[in-house]
Amino acid sequence: MGKPDLSVEVAGIKLRNPVMTASGTFGYGKEFADYLDLEKIGAIITKGLSIRPKAGNPTPRIVETPGGMLNAIGLQNVGIDAFIQEKLPFLRTVNTPVIVNLYGNTLEEYGELAEKLDKLPEVAGLEVNISCPNVKQGGIVFGTDPNAAYEVVSLVRESTIKPLIVKLSPNVTNVVEMANACVDAGADALSLINTLTGMAIDLQKRRPILANMTGGLSGPAIKPVALRMVWQVAQAVKVPVIGIGGIMTATDALEFMLAGATAVQVGTANFLDPSAAQTIAEGMETYLEENGIADVKELIGALIT
Amino acid sequence: MQFKSMIISNIEVSPGYFKMRMTAPPAVRSATPGQFIMVRVRDAIDPLLRRPFGIFDLGTFATAYTDCGTQTYFEILYKVVGKGTEMLSTLHQGDHLDILGPLGKGFMPGDPSGEKILVGGGVGMAPLYYLAKEMVKTSKVRLFAGGRNKEDILCITEFERLGVETYVSTDDGTLGASGLVTEVLEKHLSESIDNKTIFACGPFPMLRAIAAIAGRHDIPCQVSLEAYMACGVGACLGCVMKGRNHSNETPDYRCVCKDGPVFDYRDLQWD
Amino acid sequence: MGKPDLSVEVAGIKLRNPVMTASGTFGYGKEFADYLDLEKIGAIITKGLSIRPKAGNPTPRIVETPGGMLNAIGLQNVGIDAFIQEKLPFLRTVNTPVIVNLYGNTLEEYGELAEKLDKLPEVAGLEVNISCPNVKQGGIVFGTDPNAAYEVVSLVRESTIKPLIVKLSPNVTNVVEMANACVDAGADALSLINTLTGMAIDLQKRRPILANMTGGLSGPAIKPVALRMVWQVAQAVKVPVIGIGGIMTATDALEFMLAGATAVQVGTANFLDPSAAQTIAEGMETYLEENGIADVKELIGALIT
Amino acid sequence: MQFKSMIISNIEVSPGYFKMRMTAPPAVRSATPGQFIMVRVRDAIDPLLRRPFGIFDLGTFATAYTDCGTQTYFEILYKVVGKGTEMLSTLHQGDHLDILGPLGKGFMPGDPSGEKILVGGGVGMAPLYYLAKEMVKTSKVRLFAGGRNKEDILCITEFERLGVETYVSTDDGTLGASGLVTEVLEKHLSESIDNKTIFACGPFPMLRAIAAIAGRHDIPCQVSLEAYMACGVGACLGCVMKGRNHSNETPDYRCVCKDGPVFDYRDLQWD
């Protein structure tokens, strides 16, 4: 048998293997260039981008929890202009698809940003983070209301012809309903899950540990919830699904593919091991070899139930 | 760089404080004082994140095997404060650790003819030893070491052996002068500030007080900060401090892991 | 200073300390009698009870996940009649409040069961588990729809004068909305959280590990989510809140109290250490002593934000 | 009972199989063969749940300190299959473990004049050694030991030293007869079934085959089962097996941890 085929296609973006890096956990790629070969992973997803630079939350912004971590970075980022000037030039030199994760504080900001990104040839696709409060509508979170999600995704869809991935929040009663709304609005693919909202407390100080009080839970702790949601959504929608949540090993990644994911994203694992994404991709290849599987696509949704 | 280290020794140097010596690849020798490493305490999810530690010392020794030549090592000095450091303290010679480093920006030695004032609070002494070792080669070095009590005063003999002039103070007076290290420092500076530079590491309130002192006396001062860290490489934005020009409209955050941990105190906002 | 006061009152039930055992993790108390002193804990909450015996799900029913575990017991239980005959006699001999956790497959079953339990003097209170699908209404889960929750809690309220605790599911977009619906319907207290729905997969077998495919995630992994929800709900409602989710130590328990819980329940920890509930109660006492706190009630909701 | 054990030894007896000897309180001596213990592998959340192991052997030895008299110990024989057993295998003499046990219902020896047929598959041999040790005192004991290959055949010499007559078989024929242990057993029973009782422990398919054999020949048979366990004390209902009278309307579940792990095969449904 020759080398197994690890390539997959998501929303029209061709990936050499299914392992992408999750937004906010991999900076703009360059930060990890010393630790892995950026051309050995499937895609780089950049830190959540907004139209203007965003200060984010006060510190402490992160805290470890059992088997996971909470973060309340508050979507600090350089803004689209600095992104184009300071971050894109390096990414241009890397022969790996770059997917830009974006968010807005209002509907209009989403549209504006998508329009600007649409013009950048270096950007292979957009990943829309809808887990943000809509400042104009009294802080109701786009990602927990199907109508609001439909609206924002529709607007982004009108603003770009680039491949459009929508990233779903797990903090909902019915993730399938949210998934359907996003697909109806024109999403080419769905990625899930974003972080679960959580809290940590310092008993001695009697204060929340995070300055923001609550934060997003990520890491191995959330993997079972992520697997369940990916499985539910993959059964319900016709577009490709990208599995995210607590992926640390090739085994984890392949479990998500069995559950129906076409590709995966590695987040918190990058902190434990900055070469994690590459190690996981290589581990997947080894698994396929050892088990005589010619094409990783055979595993997508292959769960026996 | 990411590498595996083997533990050479791990000993309790003062109650609750340990010094660990580890093997390292030769490239680690280029680390500058003030840089740090991130340790994966266990190959498990508990603890999950790496733990950051300053480089206490660094060097080489001749191995017993003539073919191997010399072996590079480095040391960390750490205080047991929680789960991760607790587990570290139970490790033995021969155990292995996964290390990231050297990371961040270290101290800038500056003009060798100037006098170097090192200020360490508790385990904040850790990165100052390697700094002192480099600086005594060319400069006059003084160390102001403070702590809550005598157990917190670490490795003074080692500093003295380097030829560093040491000034010890404890909050409870169990060792050296009684009071805050900043008081002793302020008193010393009030005598003369000629061509002196401060290099400080310790708890945040101490560093803030020292920044204020440096400001008042208008003397150069570099501080080494701590922060909760996840990535250590400037990617997660977990460890930021407000930079000089920071405002909500024009964010100027500095990553302690990447832009620091050592900063010119004037580059930060201290409120 | 004398011994600190650990007693609290929840829904009119006086507890010697705030530590109860969570339903389904402590059997009917007797199973743990060799490992701890049942009269050193606040209350015993029994395994979810239904009107008729329930077979539950096929095995495997449990699997460990990172920092947690999934269970799909399927609410196996002996039914009310066998409970009265086989389990109550032992519980009657223990001088600790017994709270019966109950559930139904239909609205009517909840009412019927509450009526029967109302007559038992040994039962100090009821905890209603609403995280169950309503068989008659096409499987919609009582605990994820405020109207369904209002209906079921109202019916139970009409069927009993005993203290009524309603146990909330975390698998919802808005836990505060659920909490309000239950309080409006007459709940004397709320307990939260029940388990998060999750999944685990065996890569080699290409199958879900649990025979039921999905299960409920419990243990330290979910603690941040539980703390956040307890904090949100405690701020919103006037009735006492009982904190549940990943409590392993006295520190964990006290964090929940700072977040607003009047009492706590210990679940998965009972498996790691069958004396956990007592150890935690003792640890809370030690903490109060060491910190010169005369009354644990001082800590309830004392989080500085 | 819940107690702390100190590890006395932990050695690899066959590739991937370890035998661990631990101290125990004297009360553990009343354990019956077939009972098991639950081990807290680490005082951490990873692994989270305790891991169940059969009691391989149990006894006392004289301590070096005359004042202490004798020390009770017990042994487990375990196969490294995952995270928990992997971590167990790295523990050393002197390390401590938190143990729950003895738990569950063990084997019922029955009429001593009868012949005892022990059947073990792989690490299923573990609880049979202690059983054999007790039974050879009064009865004729035979052991049928099966495995995939010769590495899976454990501690045969120990059984033989007890005076047990052993019959070894492996799937690949690398040791003893070639084929399934159930085939060898069936052949043996076809010669005579007089007053024989089967005591079996091993993978579920093997036990099901043995239950079928016992049914066909109508001979008494006790099987020791495995199941995923959380509590070990009958509280979580994670480990259940369908009992004889089970139906969805009249649930008759048996807890492997509390009603077992040893069952009369006729008390269970084998579909």
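Miscellaneous remarks
In order of appearance the chains are A, B, C and D, and numbering begins at 1 in each one.
We adopt the following convention: a residue touches a chain if its C-beta (ideal position, glycine included) is under 8 Å from a C-beta of that chain, and two chains touch if they have at least 3 such contacts.
The structure displayed is predicted, hence computed values, not measured ones.
Looking at which of A-B and B-C shares more C-beta pairs in contact, the answer is the pair A-B.
Each chain gets one centre point, the mean of its Cα atoms, and the points for subunit B and subunit D are 54 Å apart. For this pair, subunit A with subunit B, the centres built from the Cα atoms lie 36 Å apart.
Chain centres here are Cα means. That of subunit A falls 47 Å from that of subunit D.
Contact of a single residue of subunit D with at least two other chains is seen at positions 45-46.
Shared interface positions of subunit C, i.e. residues touching 2 or more other chains, are given as 66-68, 219-220. Because contacts link each chain to all the remaining chains, their graph is best described as complete. Against subunit B, the residues of subunit C that register as touching in their complex are 66-67.
Interface residues of subunit D, counted against subunit A in their complex, comprise 45-46. Within the complex, the subunit A residues that touch subunit C are 65-68, 70, 144, 171-174, 196-201, 203, 205-208, 213-215, 217, 219-225, 227-228, 231, 246, 251, 254-255, 258-259, 287, 302-305. Residues of subunit B touching subunit A in their complex: 1-2, 40, 45-50, 98, 100, 227-241, 246-251, 253, 258. Residues 24-27, 31-32, 34-35, 47, 53-56, 59-64, 66-69, 71, 73, 76, 219-220, 248, 268, 270-275 of subunit A are the ones touching subunit B in the complex.
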